[in-house]
C-alpha cells in the first residue's frame, strides 16, 4: 500500500505497543468500501487492539502507543493533529458485550445526535426510528422506547448498540466479536444485519468463529502474534490459504 | 440408563438449577472406563455446570441446586449423606485457566497427598515425581521443584495442574476446556497427555474446539440449552449426527 | 493404601478429619460474627438506656430536647434545648460536604478519567495520607493556622473560631472518604460504557457529564452521605476550632457547637446519673440514631444503583 | 459554548482541583513537619511530659500509643479475621448475611466518640476496669473491628475462586483450604490493610478520652511485671496516648509551650503514619514476592 | 446538704489544726516498723491533678510501699467514681453537693486541700482596671457590649467563657457575678485556661476569667469592687472570688489514703507545693466557707 495511491481507508505500518510489548506489528491493510472485512486469529493475537486503533480508541488507554498511519480520504487519522473526537463520529464501533447506556432506549439512540447538535425533537425522533429500523429492532421496541435499555434481552441490547452506532451516520463500522455473547437466533439476526448494512458502509469485524467469518465477510485477514499472516478474499482464504499457519488455524489444529 | 444396571459412573435425571433457572436438564449419561468423553455445545449451554456437578463442585455455589443421581460403584454421589469432600478425592478436576497454588512446584503436588495422610518425605518425593512424569512435566521441572509454580509458563502450569489432580490417585478426571487458554504447542502436549491418561482412568472433557473433541475423545455429547441433544461415538457423531441441531452446530451454523 | 488407612483412622474417632476441621473453622468464625452482633447490640442498648433516662427518669421533655434552642443545664431554671448542637452538627457537616464533595469527585475523575493510570498513582497516596492524618492533628492545624487566618480575613472582628473553621477542617477530613468511594465507583463502571460514548464522537467532558456522572449518581451520593456521616461524628477536631458557644449557628463566623463538642467538653465534668450527664448521653443517642439514618439513606441509594 | 471548549475548561477545572488537593496535603505535611521537626529531639521523644511547666517530652505518650496499638491488634486481628473469613467464605447470600453486613456497616460508621462513651459505660464503670489501657484497647478494638472484617473479606475475595476450587477438587476440607491455600494468597493485602488500619488506631483520640484516660502514672521502665502499678505494661493502668496528649494540651492543659509540644507530637504522629504507610506497602509486596517467588507486583 | 457539708468541714478542721500546730510531718507519726503500704487511686478534676500528682510523687518517695495513681477525668468523674467506690479519692473543684444527689454527697467526707482564686481578665486595650459586681454582671450577661459603657476604651466586648460544667466558671459565676449567666451571642467557650489567656491576650476587647496561677503581664487582671486580686486579699476574705480544691473520700479515710491526705495538710506541702502551683494554702485562710457559699468565720 503506497501513500501516493491514497487509499480511501487503510493502515500503513500500523503498530500498537502496550508499554514495550508490541501487540500489533506494522500492519498494512486496506478496507474496501461497501464490503465486510473479517479479522480472525487465536486469542490474544491482537485483533481487538488493531481494530481499536482504527478509531483511536487506544488513545484512552494510558499504556497504549500507536505508530504508523491510518489513511482515510487522504488524511492520516493517526496524526496527533487529527481530532480523535470528530473522527470517531465517522467511525462507529460495537463491542462483544452489549454496553447500552443506563438510560432509556430512546435516549441511547438520541444521545449521540444530540451531542452533535441535533436538538429538534422531531428530527431526533426520526433519527431514533431510522436507526432502530436499520438495526432491525424497531418493531420489537417501538412501544417501549421510554423503558430502560437494560430491560432488553442480550440480543436486543446488541442490536440497540448497533443502532446507537448508526445514529451518528458513520461511514465505517467496527465490530469486535459482536455476536459471540449471543444465542443462535440473535446471532443470525446480527449476521443478517451486517450483510444488510454493508450495502451502505464499510465494515470491519473481529470474530473467533470462522464459519461466521465465512458467512458474512468479503475479505478475511488472519492475525497471529500481532502479525498479519494472510489477507485475502474470504472464499480464497478459507478454501485455499497460501500460508501454512493459516491453514493449520482454519483446520482447527489450535486456537 | 437404568438404576438396576448400576453403571460404574454416570448420571440419572441430573438437573442443575441456578435459582429457578434450570441450566442443566435431566441428563442421563454414562461414562465408560478408560475412555474420554467430550462435552461440546455453544457457550452457556451448561457444559461446565454439568461437569462441575459430577464432583459436587456446585455445592459451593449458594444459588445452585442439583437434583437427580450420580452413580459411582453403586453409590449415589449426589445423595446428601455422601460426603462430598471424600468423593472429590476420587474425582480430579482441571480448569480452563491454570490455577496452581501460590506455592512451590513440589508443594503443589505434595499438598494433597500430605493432607490425606502421607507424611514420609520419601513417599511424597515419589508421588511428586510420579505425578509430574504422568503429566509429562518431570523433565522440564525436575531441577526447579522448589521454585514457585507461578514461574512456569501457562502450558506448564496447566500440566502441573493435571499432575496435581493425579497426585491423589483419582479414578476419574474432569477437564473443563483445559487447552483453550494455551498456545498451539502446549495444546498439543495436553492433548497427548489426555490420550495417554485415558489408558488408566476415565476422562470427561469440555471443549469448545470441535477438532479437539474429534482428536482426543472416544465419545462426544452435544449439549444445547441445558439439554443433552446427542451422545454418541465420536466418529459417528461428527461424521453422521442423527440430530439436525447437532449437524448445524458442528457445521458452524452458530455458536 | 496410605490414604485409606488414614481415612479409616479418622472414621474410628467418630468424625472424619475434614469434618473435625470444618467444625473448628465454623465455630471460630461463627463466634467472631456473634461477637460483632453482641457488640453492636450492647452499644445500642447501653447508650439508649442512658440516653432515654433523661426523658424517662429526669422528666426532660423530648420535645424541648429536640426543638428547644435554650441550653442552660446548670442554670437555676435548667433548660435542655439541644437544637443548637443538633443544628450545629448538621450545618458543619453539610458545609463540609459541600466543599469536599465537588473537590473529591474532581479528584476521582482526575484519577480515572483525565489521567488514568498516572493520576491514580499520584493521587492515591495523597488520599491515603490525608485519611491517615489523625483528627487531633487536623484540629491542631485548624487551631494554629486556620482560626487566626479566618480572624484576620474577617478584619479582626471575630476570633476566627466558628462554623467556617469547623467546616473547613472537616472538609479536608472527609475528602478521602468521598474520593475513594467516588474513585471506586468510577473504576467499577464497565469500560464499554465510556468507550461507547467516545465511539459516538463525544468529548471527554460530555462523556463524564452525560454518561458517567448520571450513571454513577447513586454511588457518588453514597460517598457524600458517608462523608457527612463521618463529619457528623467527628469530635475533637471540630471541638478545637468551632468555639463551642451553645447557640444556633447564625453565620459562618460565629461560634457554635456540635453534639460531639458538647459531649467532649462536659462529659467528664458532670457526675454520672445527674441530669446534666444524662442529657449528654441523649446526645450520644442522637449520634447513634443519625448513624442509622445515614446508613438507611446509603442503602436506599444502593438499591437505586443499577450497576 | 462549543463542545471542545467546554471539554478543555472542564478538564482544566478538574486538574486544578486535583492540584489543590495535592497542595493541601503538601501544605499540611509541610506545616506539620516544618513546625514540628525543630521541636523533636531524643530528649523530647523519651522524657516524660509536664503538666504545668514548659519543656516536657512525650516519652510515656509515645510508649502508650505503641503499646495500646499492640493490645488493640491482639484483640482485633483474631476477631476480625474470623469475621472476615465468615463473610468471604461461609456467609450464604441470605437475610442473616444481609443483617451481618448491615451490622458491620453500622459499626464502622459509629462515631468513635460513641464507641468511647460505650467503653466508659461498660468497661470503665460497669466492669470496673477504670481508665485503663485494657478499656482503651477494647474500645479501639471495637472501633477497628469492622475495618478489619472488611479488609479480611476483601483480601479473601480477591483470591481467585479457582484456588479454592482446586483445593476442593483435591478433597481438602474447607477449613484447610482457607488456612493453607487462601490465607497465604490473601496475606499480602491482609498485611497491607492491617498495617494501614493500625495507623488509624494510632491516631485515634476521641474513643480514648473516656477509656484509657488522659493521664499516665509515673512509669518505671525497669519494671516489666505487668502486675505492678508502675510497670509500663500493666494493662490496668491509665494511659494518655500521643493523640490524646495533643488534644489535652490544646484544650485542657496548662503548659505554656502547648503549641510547641503539640507541633512536635503532631509531627511524630504524622511521621508514624507515614512510616505505617511505607511499611504497609513494602511489607505487602515483600510477602507477595515471598509467596509467589515472582517479581510481579500486585 | 447542710449536714453532709458540716460533717465534711469538721473532719478537715482537726487536720488543718494539726498541720498548723505540729511541725513534724504526719508521716513520721507512724511507727517506723509499720510502714504504710497500699495503693491509692485519686481521680477527678484536671485542675487539681498537677498538684495531687506532684504531692503524690513526693509521698511515694517517702513511702516506698505506697503507690499513688492520679487520673484526670474532670470533677464530675471524680465525684462519681469515689462515690461508687471505684476510686479512693475524688478530686473536685466544687462541693460534692453541687454535682451529686444529696444522699450520695452525704456519704462523702470533704478534705479541702487548697484554695484557688479567680480574676477577671481583659485584653490590655480594654482600658479598665476595676469593675463593680454589677458592671461585671452587665458585661457577662451581654447588657453592656462596649467597654466605653463601663468607663473603658471604645472597644467591642468579646466574651471568652469556660464550658458550663467547668468549676472555674461555676466559682466565677457564684462569687463574682452572684448568679448563673447565660452565654451571650458571639461569645465562645474554651475548655483550656491556657487558651483562654492566649485568646484574651490576642483579641482586642476580650474578657474572661482565669485562676491566679495563670495571670501574667500579657493580660490585665481587674480589681473587683475595688479589691485587687492578690493572695493576701483572698486570705483576708476581702476578695471573694475563690473556691476550695476538694479531695473527697467515701467515709473517713483509712490507712494509706488517710496518711496521704494527712501528708497533704502538712506545712511541708502546703507552703511549698501548693503555693508553687499557684494555689493558696488552706491553713493561711482567715475565712472559711460552706457549700452554700456562706462565710463562716
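Labels A, B, C, D and E are assigned to the chains in the order they are written; within every chain, residues are numbered from 1.
Just so we're on the same page, a contact is a pair of C-beta atoms (placed from the backbone, for glycine too) under 8 Å apart; a residue touches a chain by one contact, two chains touch by 3 or more.
All figures in this text were calculated on a predicted structure; none of them were measured in a lab.
Treat touching chains as neighbours and tell me the shortest step distance from chain B to chain D.
Between chain B and chain D, the shortest chain-hopping route counts 1.
Farthest from chain D by Cα centre, which chain is it? Let me know.
Chain centre farthest from chain D's centre: A.
Looking at contacts between chains, which pair has the highest count of C-beta pairs?
C-D
Measuring between mean CA coordinates, which chain is farthest from chain C?
Using the mean of the C-alpha atoms as each chain's centre, the farthest one from chain C is B.
Would you mind pulling out the distance in Å between where the CA atoms of chain D average out and where those of chain E do?
Going by mean C-alpha positions, chain D sits 38 Å from chain E.
Provide the C-alpha centroid distance between chain B and chain E, rounded to the nearest whole angstrom.
83
Averaged over CA atoms, how far is the centre of chain A from the centre of chain C? Could you give it in whole Å?
The computed centroid separation for chain A versus chain C comes out at 47 Å.
Distance between chain C and chain D based on Cα centroids, please, to the nearest Å.
Chain centroid spacing, chain C to chain D, equals 16 Å.
Using the touch rule from the top of the page, what residues of chain D touch 2 or more other chains?
3-4, 125, 171-173, 176, 250-251
Would you mind listing the residues of chain E that make contact with two or more other chains?
46, 72-73, 84, 190-191
Among the residues of chain B, pick out those that touch two or more other chains and give their numbers.
Residue numbers touching two or more other chains: 85-86, 89, 116, 168.
With touch defined as at the start, can you tell me which chain C residues reach chain E in the complex?
Per the touch definition, chain C meets chain E at residues 70-76, 151, 156, 159, 161-162, 243-247, 250, 254-255, 257, 265-274, 276-277.
Within their complex, state which residues of chain D touch chain E.
My answer: residues 51-52, 125, 128, 130-131, 213-215, 217-218, 229-230, 237-238, 250-256, 258.
Hey, which residues of chain B end up touching chain A in the complex?
Touching chain A: residues 42-44, 180-181, 183-184, 187-188, 209-212, 251-255 of chain B.
Tell me, which parts of chain B touch chain D in their complex?
Result: residues 55, 57, 60, 62-63, 85-93, 95, 97, 99-104, 111-112, 115-116, 147-148, 150-151, 161, 164-165, 167-168 of chain B touch chain D.
Using the touch definition up top, name the residues of chain D that touch chain B in the complex.
92-93, 160, 162-173, 176, 180-181, 184-185, 291-294
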